[in-house]
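Two complexes follow with chain A in common, the first pairing it with chain B and the second with chain C.
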Partner chain A sequence: MKRDLSYTFTAYLVLFVLIVFNLSPIIYMIILSFKPNAEILRGGFLPEQPTLEGFISVFTRWHMAQNFVNSLIIASLTCIIAILAGIFGAYLLGRLNFPGKFIFVIAIIVGFSYPSAAILVSVYINLTALGLYGSYIGQVIAICSYELPYVIWILKDFFTRLPKNIEEAAMVDGCTHLGAFLRVVLPISRPAIGAIAVLSFLSGWRNFMFTSILSTPKTMPVAPKLYHMIVLGLNDYSGMMAATLLGSIPTILIYVALQKYVVAGLRS
Partner chain B sequence: MSVVKIRNLTKYFGNVIACDHIDIDVKDGEFLALLGPSGCGKTTTLRCIAGLETPEEGDIFIGDLRVNDLEPKDRDIAMVFQNIALYPHMKAFDNMAFSLKMRGIPKSERHERVLDAAKMLQIEELLYRKPDQMSGGQQQRVALARAIVRKPKLFLMDEPLSNLDALVRREIRTEIKRLQRKIGTTTIYVTHDQEEAMTISDRILVMRDGKVQQIGPPMEIYNHPSNKWVGSFVGSPKINFYEGSIIEKKEKMILELEWGNISLPTNICQSLKDNLKSQEVVIGFRPQIVKIVKEGKAIGKAEVDILEPLGSEILVHLKLGNDVCRALVPIDTMITEGEVVGIDLDLQRILIFDKKTGMALF
Partner chain C sequence: MNLRKNLKKYKHIFYYFIPTAIFLSITTYIPMAQSITYSFYNLMEPFINIKFVGLHNYIYMFNRHDLNYSLYITLAYTIISVSAQILLGLATALLLNSWLFKKRAAIRGLFLIGYSMPSVATGIVFRQLFSYGPEGTLNNLLGAMGFGRFPFISDKNLAFLTITIAEVWKWHALATILFLAALQGIPKVLYEMAEVDGAGIIKKFRYITLPSLKFVLALMITLRTTFVLQHFDQPFSITFGGPAWSTTLLSAFIYRLAFEARDYGKANAVGVILFLFILIGVIFYLFVTRKE
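Presenting the complex of A and B:
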């Protein structure tokens, strides 16, 4: 009994330390976003005169409404393309046999075995040559080139484990192979596809590496814009924190609201 | 008239031959069981008929139509799978109505036909449940209903009972037989369970290593196996085999065994005269025809090794010659382990095989 108590106490203590370690920058960010710049420079923890100056500055001084729209466009397109390409790619590799399949599987493994920075230069050169520099689709292709191997690998595993007889039953029942895929395999795969959709959307929303070198001021999403705010300085710490907070909201909301479904989907 | 006609069906998986030049004729309304051990090619044969595998050679006819180049959906078949394969995202009703919907049957007729099938299988209360809310037996009933709702020309069943527990298996086995008798649809049923094949089918086709070993009614397969392997595969408890040689003495034939001599009856002698190629043979006799005699005439003597009471009978393991002989005797037989008893056989029901080829001589 005594041992149980000390075990519980230690577990909670470790968890508490981890939570404080993780949440303190976020809490600090929230506090700073409600402080005037002058007060931030003076120090102190809680705001003496809470203000929405920072949030107003995000939209008036930094004109970030467009950046949020850009993030939304890029994240949505990343999600759609990753899902569409991912589903068909994963189905091919997980379910069908064709000559050279092994090469594709190796290519996928290679695809997620290097850091995204390693392909930055080649992606930049290729997309510029294709005239896609600065476009939304250029940024989306770059993000997908890195995200797709993960998406395909996770969905491939799901499709491989799905009993083949279910699809065959549909083919005997009156479907073509494609019909069986659309009418039976896809609806069954909804939880896994949903989880992948959420993760792809967040990858698109949070991407900094590719979007910072492939976007123009007009098509720039939130993540590289935050970096610009630091580079340009102007000592608008309150605005920076407010922009960071607003930029984090979709991630936090999605994780809090959908975390249960994402985990269940990935497990399925 | 044959509903299914298969000629020279050959299917390879790499270098392994799964179906080796198979010919089958299935008559209208017949229940044919494909029986054999795992990997013998029975499921592959069924899947070729369904169109889920493409054979390298051969022709498959369903009705008058050569179906080799048709998709599964165009072959007018319904299939029940080993792992049930209900659509997990659909309720039982939608599972059953799916094939009708795909064929453009109007909603009202779909509804009527699903209800009829559900009534036939007594699963009305399951219609609005999803597969994960049903037991294995209930799921298999829904899968059967899904097959019959289409009213196809041919039912294909791929070990539909092997994932169920013994009690449910017996129950659904009877259900399948009753259902098939009632609707009269030609059925091909794959199983590795010889008891299942014996009880359910009109004819059994026994397969081994992709080849047809024998095809015939269950009792013919049981009483007159075409070779030693079929004899050992069909029947429970397992058949006894002993090697011996045939000696001709005047008009009679004597089968000399390590543990005794058997003077063969005239009809067996006649048959052997026509078929015997070598003196060396193997005698096979099922445990059911072994008689234990304590006094009087016996072919040989054996020591009782182990007794296994089965309820209505006792399975007796006897030390006979260098091998173990199994005998099935009435439960009231007075016998104890370690006792030495006499062995007699119902000679009209023994089997004799060529030692070299394994082919049946009688």
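Presenting the complex of A and C:
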């Protein structure tokens, strides 16, 4: 009995330490975003007089409303394009057999593991030549360089797991192969496609490498804007943390709400 | 005759193949081919006198001290942080899997917060938290405890430590989730049988838990290695690759070479070198998943 008690105590202690380790940077961010800059400069930890100054500064001093709109546009476009362009490839790899399939599979893996930093230079040169430098669509095409193969890769496993002969059943009823895909396979795949759509939305929201180079101040999304704020280093600590918090809220909310699907997706 | 028959048999394949091939070429494969081609040209801004230089970019870069240094710290960063995040994730998963914690999903949710945040955001939080100035709460705490203040961002070695800690902090949750899922898939009967046979905790771990985790473990090591090798957002937003070039990992090295020095040819040569490293990881990954 005594041994059990000390075991329980140790387990809870370790869990507590792990939670502190995991959450302290997040708690720090939340506390500093409510703490006036004058207080931060004096040191200390908890705010004596919590304010919303930081959050106001995000919109008045840093004009970030536009960056949030930009992030929303870029993330939505990434999600739409990666899904629309990706479902055909995922279906092809997941359910159909054809000679040379192995090469295609390798090409997809190479596609999402080729370093973005190396793609960035070519995309930068191409977009400049096409006059698309700084546009939303340019940034989205760049993000899709890894997101599209990745979506194909993840969705492919889902298509593989569908029951074997649903297409044949539809084709007996007079559908063409493509018709069977559009009218039967896609509708029953809606939940999986939805979950992956959310993940690619987040991928677009989070991207920093491409958007930091390929955007102009007008079309810049939140992630590179945060970086620009900290590079300027104007000692607006609480504004910085408030902006970081606001920029992270969509991703945190979606992840925690969709935890079940995210975990299932990671497991596959 | 045979060919035509084959073509007809595979006709429907083209409906799916052609749009996919077009999209992938635009977004991925054309830029990739360009990137490899550029690595053999002396391409830099302003674009004058562009010519084929063969392997010159590669030879030049390998003779440069800073590339070798960047390769070295990238490998060190990858090896240290991948092993640390896997060990920490495994330990956390074993703890959460014990009978004590019924509210696993809630705790897992807490652990997911850091993982779900954009890497630039967590990078900026770490930059401020570890800062030398009054906003650096970690230094405030260490100072109050009598350890003094440490230049976590501006000292070469400490900066490397900071980005490694941040990497482990951010990504160990992924290992936790995957290991926890694998642990919950082990039938309880196995442990009960082992207990009947008089096996202790260590023996149970060695002969039941570890073999069941082997696949996830191999998967995690190969996947994490390929991704950490090219990590950019978080380490770069903590130290900006500095002081000087001391924490410039390979991806950041390419980024800075291309967009600070504007030397695209050499940047792409480094890109191809990084890709070759990643390719080794990918081959291991294929080898691991092949058996499943």
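Simple rule for what comes next: the second predicted complex is superposed on the first by the 232 of 268 C-alpha atoms of A that agree within 3 Å, B and C clash if a C-alpha of one lies under 4 Å from a C-alpha of the other, contacts with A are read in each partner's own complex, and residues count from 1 in each chain.
What we mean here is this: a contact is a pair of C-beta atoms (placed from the backbone, for glycine too) under 8 Å apart; a residue touches a chain by one contact, two chains touch by 3 or more.
Because the structure is predicted, anything quoted here is derived from the model rather than measured.
For chain A, the partner that touches more of its residues is C, with chain B and chain C as the two candidates. Looking at the shared chain after the overlay, A:49 reaches neither chain B nor chain C.
Touch criterion not met for A:60: it reaches neither chain B nor chain C. Applying the stated contact rule after C-alpha superposition, one finds that A:15 touches chain C and leaves chain B untouched. Once the two complexes are overlaid on the shared chain, A:141 sits against chain C while remaining clear of chain B. Judged by the touch definition given at the top, the superposed model places A:92 against chain C, while chain B stays out of reach.
Judged by the touch definition given at the top, the superposed model places A:171 against chain B, while chain C stays out of reach. Applying the stated touch rule to the two superposed structures, the overlap between the chain B and chain C interfaces on chain A comprises residues 176.
Per the touch definition, chain B reaches chain A in the complex via residues 50-52, 71-73, 77-79, 81-83, 85-89, 98-99, 102-103, 146, 150. Of all the residues in chain A, the ones that touch chain C in their complex are 8, 11-12, 14-15, 18-19, 21-26, 28-29, 32, 40-45, 85-86, 88-89, 91-92, 96, 98-99, 106-107, 109-111, 113-126, 141, 144-146, 148-149, 152, 176-178, 181, 202, 205-206, 208-209, 213, 222-224, 226-227, 230-231, 237, 240-241, 244, 247-248, 251-252, 254-256, 259, 262-263, 266-267. Residues of chain A that touch chain B in their complex: 163, 165-166, 168-176, 179, 184, 187-188, 190. Residues 10, 12-13, 15-17, 19-20, 23-24, 26-32, 34-35, 38, 92, 95-96, 98, 100-101, 105, 107-122, 124-129, 134-135, 137, 140-141, 169, 173-174, 177-178, 181, 226, 230, 232-233, 237, 240, 250-252, 254-255, 258-259, 264, 267-268, 270-272, 274-275, 278-279, 281-282, 285-286 of chain C are the ones touching chain A in the complex.
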